[in-house]
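In structure tokens below, several structures.
Two complexes, one shared chain (subunit A), two partners (subunit B, subunit C).
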Partner chain A sequence: MKKSIGLFILFLLVMGLIGTGVIDAETTELKMTIYGSKNDIAIYEERIVLAEEMYPDIDVELIYIPGEYAQKVKTMIAGGQAPDIIMLGEDVHAYSSKGQIIRLDEYIKEYNVDLQERFADSVVAQYSYRGGLYAMPDRSGAMIVYYNKDMFDKAGVDYPDKDWTWDDLVEAGQKLTIREGDEVVQWGFAAGDWWPWWLSFIYQNGGEILNENDQPVVNTPEVIEALQFYNDLVYKYRIAPSLEDFANIGDPGPDPLFAQGKVAFQITGFWNVGSLKNVPELNWDIAPLWGNKKNATVSFGSGLGITKDSKNQEAAFRILEFLTSFEGQLPIVENRQDVPANLELQASDEFVNADWAAGRDINMDVFKESADIILTPPLHPQWNEIMKIFGDNLSEVFMNKRSVEDAVKEIQSRLEFTLF
Partner chain B sequence: MKVFSVLLILIIALPIKSPRIFSREVLFEIRADQVKQQIEGFGVSGAWWAQDVGGWSQVNRDRITDLLFDQQKGIGLTIYRYNIGAGSGKNIIDPWRNTETFEVEEGKYDWGRDENAVRIMKEAHQKGVTNIIAFVNSPPARMTKTGYVTGGKEGKSNLREDMYDDFAQYLVDIVRHFREDESLPVKWISPINEPQWNWNNSKGQEGCHYTTDEIVEVIKVLLEKIEEEKLDVGVSAVDAGEWKTSYIYMDRLFLNKYINDRTDHFAVHSYWSTTRQKEKASRYFREQYPDKKLWMTEWTEMKKGVDYGMDSGLTMANVIHEDLVIAGVTSWQYWIAVSKYNYRDGLIYTDQYTENIRETKRLWILGNYSKFIRPGYKRIKVSGQHNDLRLSAYINGDRDRLVVVAINNSKKSREFVLDLVNFDGNKLDIYRTSETENLEHTYSGKVIKEFKLPARSVTTLVLTRL
Partner chain C sequence: MPPLKEDYMKKFFEKPKWNESLWFYIMISPWIVGFLSFTLGPMIYSIYLSLSKWDLFQPPQYIGLKNYIKLFTMDDIFWKALYNTFYYAIISVPLHLIIATGIAYMLNKKMKGMRIYRTAFYLPSLVPVVASSMLFVWIFAPDTGILNQFLAFFGIDGPAWLLDAAWVKFSLVIMSLWGVGGGIVLLLAGMRGVPDELYEASEIDGAGKRQQFFRITLPMLTPVLFFNLIMGIIGGLQTFAQVYIMTSGGPNNASLMVVPYLYDHAFNFYNMGYGSALAWALFAIIMILTLLVFRSSSMWVYYESEVKS
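Take a look at the complex of A and B:
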């Protein structure tokens, strides 16, 4: 569609029939910045073509930024070259808090978008700031449990489910960890120092890192107990590899370790469904995350926001509305890219019964089941700084060289210093 | 117009001689009495290029070795890393990454092999190299489990359990030959390289993974062999691939008393490492093992594309600065000196099957350090902060020469004032690398205190007490 319009315009220009001013008057041109892999670009292009078919008066130019995305977008904004639409991740509120992207609430009302029907509340909450929604959720997949069915069957352990508690996790992990002499030949569980892992455990224990007033609440019994439990999986129960164990097996992450059939269960995102497709001999399925005081998991995804400097905000919203609709999100599913944020699509045959795993019967309902346990991480404007403070202090805990209490105390005081 | 241009050049290229008021004065204080680590030297690896360049014509070979190792004609590197090749075989496609092994069979060697690389090592020594580290990426094929030198299967170590003694003997035999027959100053053997990675055929280069237990065993057996054979060399370990996980290896090596008693440093690579990771790991190391030193033994910017200019040059300058000042390393060793790759590696580029020589800013910026901060110099304290400027300072053993290296990362020129405490030099020389200069001697005269650094430049100030 886009191409044919372009060719037609080119034809008219060549024929000297029109001046460029005429085109400007009829077509609204929007710029949209995206990040991701080359495969992702093609899928965005496909969706944009659909949007342009819906709105022939709007022409969207995709700007793909392969590296240092946030920095480059900020430079574009500062240099008066702000795109109209920007793709956003966990740093959404670095933009919303500065007023660089607009509240979408009025457009949502005007265009009758039923947010509750369209998206999970937890995902909407992630893109909300001080009572307003600043980005339309686009892609959103919860972190889920992947488990090796053969290993569970062999050990006589029930498959993981939402009802699992931390006790169940340890018990299963111990039964599923197999040693030959000193060497572990099969690990029960595998994780590491990445924030979605430990943050889920904190929330499962009723802890959080910032309260509703954005004050740090890290030095609490709930957080300390959760981090201690998480570290105990490695150093006390010995059911998950330590950093040294990972180094000793050639430094694969938990994902490759699971694919190699060396770990019984792990937590990771939707992307692993696609990767595991290439391992036909592995008999696996997925489940929602367990809980302790409650269930909790992190969702990964992206949203789409409109810049304050955009001269065509309404046209931009029409595009966002379409891109987050069932039809606008369908290419995400058809191309096996990700979990769509649109709930109707998540529950549809197109998603649930798609051949995700080469004929393997995977319980795709897990993503929908997980929607109501997705925790809302405090996507504070200083999210990146907050995560750095955690990372700096927890790394020594995860190497078993520092006590949780000591690290948590320092995190609390550094957050207090940084955020106020 | 002409007069104006000359004036302009003077302003940019020379320190500011006349007293003037700075709009925002930036002050750096250098305390010659507050001494940090003693520098052992700067170096480069001979891997992947020496076996090719060593076969070049004498004139072009000389040009390369002069640029790298001659203190007058080049940047005066004093450390050379010779790669004891495993004899790669057919599964390494790139001819530069293919090596020859000296070993013909157990205990039998052909010292005529790898002659090009050995020639470069000898010429490097003649031009100024005083310390050679013989390093290994993989044991030769006969000692490996897979029969290949590119690694094992599924992350297992590729060195056979029954070959630890053979491996140690092989290393000792080769190094003894270099030392005794060739009079080469090989002072360390590094038997293991980046043990944490899952070395396998797909990497296209020699490599061998080791677990921590295996590392301790390899090092221990090698140290015992060195002692038994009365060879005067040390072991350099463990060439960890990054700072983040280096704790694992520091502890495993130095908590072993036998290794601790016989090893004076820990060797780590700066690839993939953040400032914070370096700061944390080095602080931990100094607290735990205060009598041991840290070496940075491999780094190049891991980025595709050829770059001759200040972009990659400044990236390197900042890594050197961090490693010396934040991590406190006593030795800084670059990865390949000569590159034919479409990559930001090499200090000099060439083209395969030619003797082309193209210098980079990386070469000259490394020279900003290596040519002036000589072995035995000690780093001294610099106080003062500026967003765009990074300064480090060093003093010689006689305390009559003080070297300051100043990086200006800004796209604009930057000014600063230097306050020297406990050092009264009376001569100043300035050497600069920038878009237009290659370690150029831009000033020689009396000592001044106010400086203007051109945009994106690295400047070395040499203060001498005559």
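Take a look at the complex of A and C:
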């Protein structure tokens, strides 16, 4: 009897060894780099746990990089320590154009992912390069209008909506800007020198900055008119604070001004929903962006790509496929983190009727409505350089010290020099 | 009988000169090891990189002197950055020396509570650049900043400082004076090292305070001033953090300096080769300037009781 128990234990031990050996041999380990806040990490972890439940043979290690993300990821790749999955933003094509992340099209076919059904076309276009998709859209929220209902009611102005034109914008802005002597106590509108703002206006006017062949097309009447109008909001119609006005209050940007009830409407991303929860007394709602020749807005988000050096690209794709599915994206909504890229989830009850604004009823359909007016910014491999050229030259325009025509001419010639 | 091996060893180590240099190498070894393994290698490699095109991903491609040719003949932003860097260094370095010497002279007086003053003047140098940059963004605010409020008190309508292309460089100069404490400490130590008998002797000869300062204090301080000048030039030409944090080089590159510009190319624009070329060009410029200052030092730096004709 005793002997048989001993044998049985030995048997278990041996099986145990074999068992662990077998599992070790089959577990695929993946490394995934992410950026964001401390809150974001927990949400990614939650989603990874779900993915690992789905694929027990895959083990994903999250590498959180709090600052200088691009620089560190590049160093990892250059140093032969490339992660398998990387989270990407506007610089996605700095990687795709250099073949550092792989085209996902074959896997998409193999795993029967219906891109059109799953994501908005405009978002897919952002992560595509020369006809191939290089990252799975993960989070994607359009920039939208936030407006202060009380201020609009008091001034007797209709709430903003998709049908607003630039004229409506100016008219509302003028009615909503309140001056006491020289001092402005309430601004109608507020923006600044950040590219998503002025780029939206360029696209609303039918302009663009690079054409489909990646040639700069900045020195055009559409672009000049749009930038002139954008600057006029500050210096001609005087409905929005100048860079100097912002500097006088420590450069907080428009978001805090809106939260403090000093601005009637502004354009910003989804993240402001979370911030505004801290000011329950503010009576606000959201609307899609207006247009001139057409409506246009920028979408902010991130995608997930697979590195060329990854040894487990297929396993990595399975993880990406899950992370961008309805179930894989659910924690984004449950934790009130962001707008999920998954359209099914965007249209679902979970997203639309979630208590986003702490008891305040806001029109969450705006994100879905915005999906088809999202412009596709030319996320050129040299995006950072392009943006610096714009920033350099527009900085003086936005200080009202240089004409739009002059700046645009220089931007055009500098882009031509830099991109070729 | 030949002497034992141990005796040799003993003699060897007892040689006072060897003993001293041995300790020198022991003491300096952590730095030497660090320098050889972490700095020298990358430095030499960056010479090669400056002669190639490298985007950090694909292997570097050798392109000869193209980066340097582009740098010196086609890149007007480089020239602008170089001009800004020199503007900043040429104004801020001498200003630092003058102000630091003046303050150190006053802090060298015998007075009650002097330690508190000395601490107070040194304290700002301990504030990290990032923190003081944030502070100065407020100080330079166009209407609400204390600098313009102060000027308004005298009826002066101050400029928009950091937002004004004509004033942004000078704003950085003003801000740099915030860190004058480091120089003060060195100069103060130098002043306290001037032998009292020199002052006593000059007093007997009838020298006034002013003469004493210009004929004794200042010449005796020249080695410290020389050191401060060299460090100031090197530091000034390598300015990075303030620009990066406060202006990102704007408006329209009016405050862009060489190091932020090379950082942009290397880490934001994926032009590591061009960034390396910029770094080496700056290195050469700093090297030449430093050599010139060193050469000139024989004319104006007095060591101990050296007399120059």
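To be clear about the criterion, the second predicted complex is superposed on the first by the 393 of 420 C-alpha atoms of A that agree within 3 Å, B and C clash if a C-alpha of one lies under 4 Å from a C-alpha of the other, contacts with A are read in each partner's own complex, and residues count from 1 in each chain.
Note that in this section contacts are C-beta pairs under 8 Å (C-beta built on N, C-alpha and C of every residue); 3 or more make two chains touch, one makes a residue touch a chain.
Note that the coordinates shown come from a computational prediction; the quantities given were computed from them, not determined experimentally.
Undergrad: Record, for the superposition on subunit A, whether partners subunit B and subunit C clash or fit.
TA: Here the two partners, once superposed via subunit A, clash with each other.
Undergrad: Output check: A:Q260 vs subunit B and subunit C. Expected answer is one of first, second, both, neither. What do you get?
TA: Touch status of A:Q260: first partner only.
Undergrad: Contact-wise, after the overlay, does A:A94 reach subunit B, subunit C, both or neither (first, second, both, neither)?
TA: second
Undergrad: Please indicate which partner A:N384 is in contact with in the superposed arrangement: first for subunit B, second for subunit C, both, or neither.
TA: Touch status of A:N384: second partner only.
Undergrad: Per the contact definition in the header, classify A:D392: touching subunit B only (first), subunit C only (second), both, or neither.
TA: both
Undergrad: Which partner chains sit in contact with A:S37 here, subunit B, subunit C, both or neither? Use first/second/both/neither.
TA: Touch partners of A:S37: none, neither subunit B nor subunit C.
Undergrad: May I ask you to decide whether A:A78 touches subunit B, subunit C, both, or neither, giving the answer as first, second, both or neither?
TA: second
Undergrad: Quick check on the superposed pair: does A:N211 touch subunit B, subunit C, both, or neither? Answer first, second, both or neither.
TA: neither
Undergrad: Of subunit B and subunit C, which one touches more residues of subunit A?
TA: Larger number of subunit A residues touched: C.
Undergrad: According to the stated criteria, A:P252 is in contact with first (subunit B), second (subunit C), both, or neither; which is it?
TA: Once the two structures are laid over each other on A, A:P252 reaches subunit B alone.
Undergrad: Just one of 7-15, 61-69, 205-213 or 223-231 in subunit C hits subunit B in the overlay; which is it?
TA: 223-231
Undergrad: Subunit A residues touched by both subunit B and subunit C?
TA: 243-244, 247-251, 388, 392, 395-396, 399, 401
Undergrad: With touch defined as at the start, can you tell me which subunit A residues reach subunit C in the complex?
TA: Spelled out, the residues of subunit A in touch with subunit C are 70-71, 74-75, 77-78, 94-95, 98-100, 243-244, 247-251, 381-382, 384-385, 388, 391-393, 395-396, 399, 401.
Undergrad: Subunit B touches which residues of subunit A in the complex?
TA: It comes out as residues 243-244, 247-252, 260, 388, 392, 395-396, 399, 401.
Undergrad: Sort out for me which residues of subunit C touch subunit A in the complex.
TA: 55-58, 137-138, 140-145, 160, 162-165, 248-253, 264, 267-270
Undergrad: Quick one: in the complex, what on subunit B touches subunit A?
TA: The contact residues of subunit B facing subunit A are 154-156, 195-199, 209, 211-213, 244-245, 247-248, 276, 280, 284.
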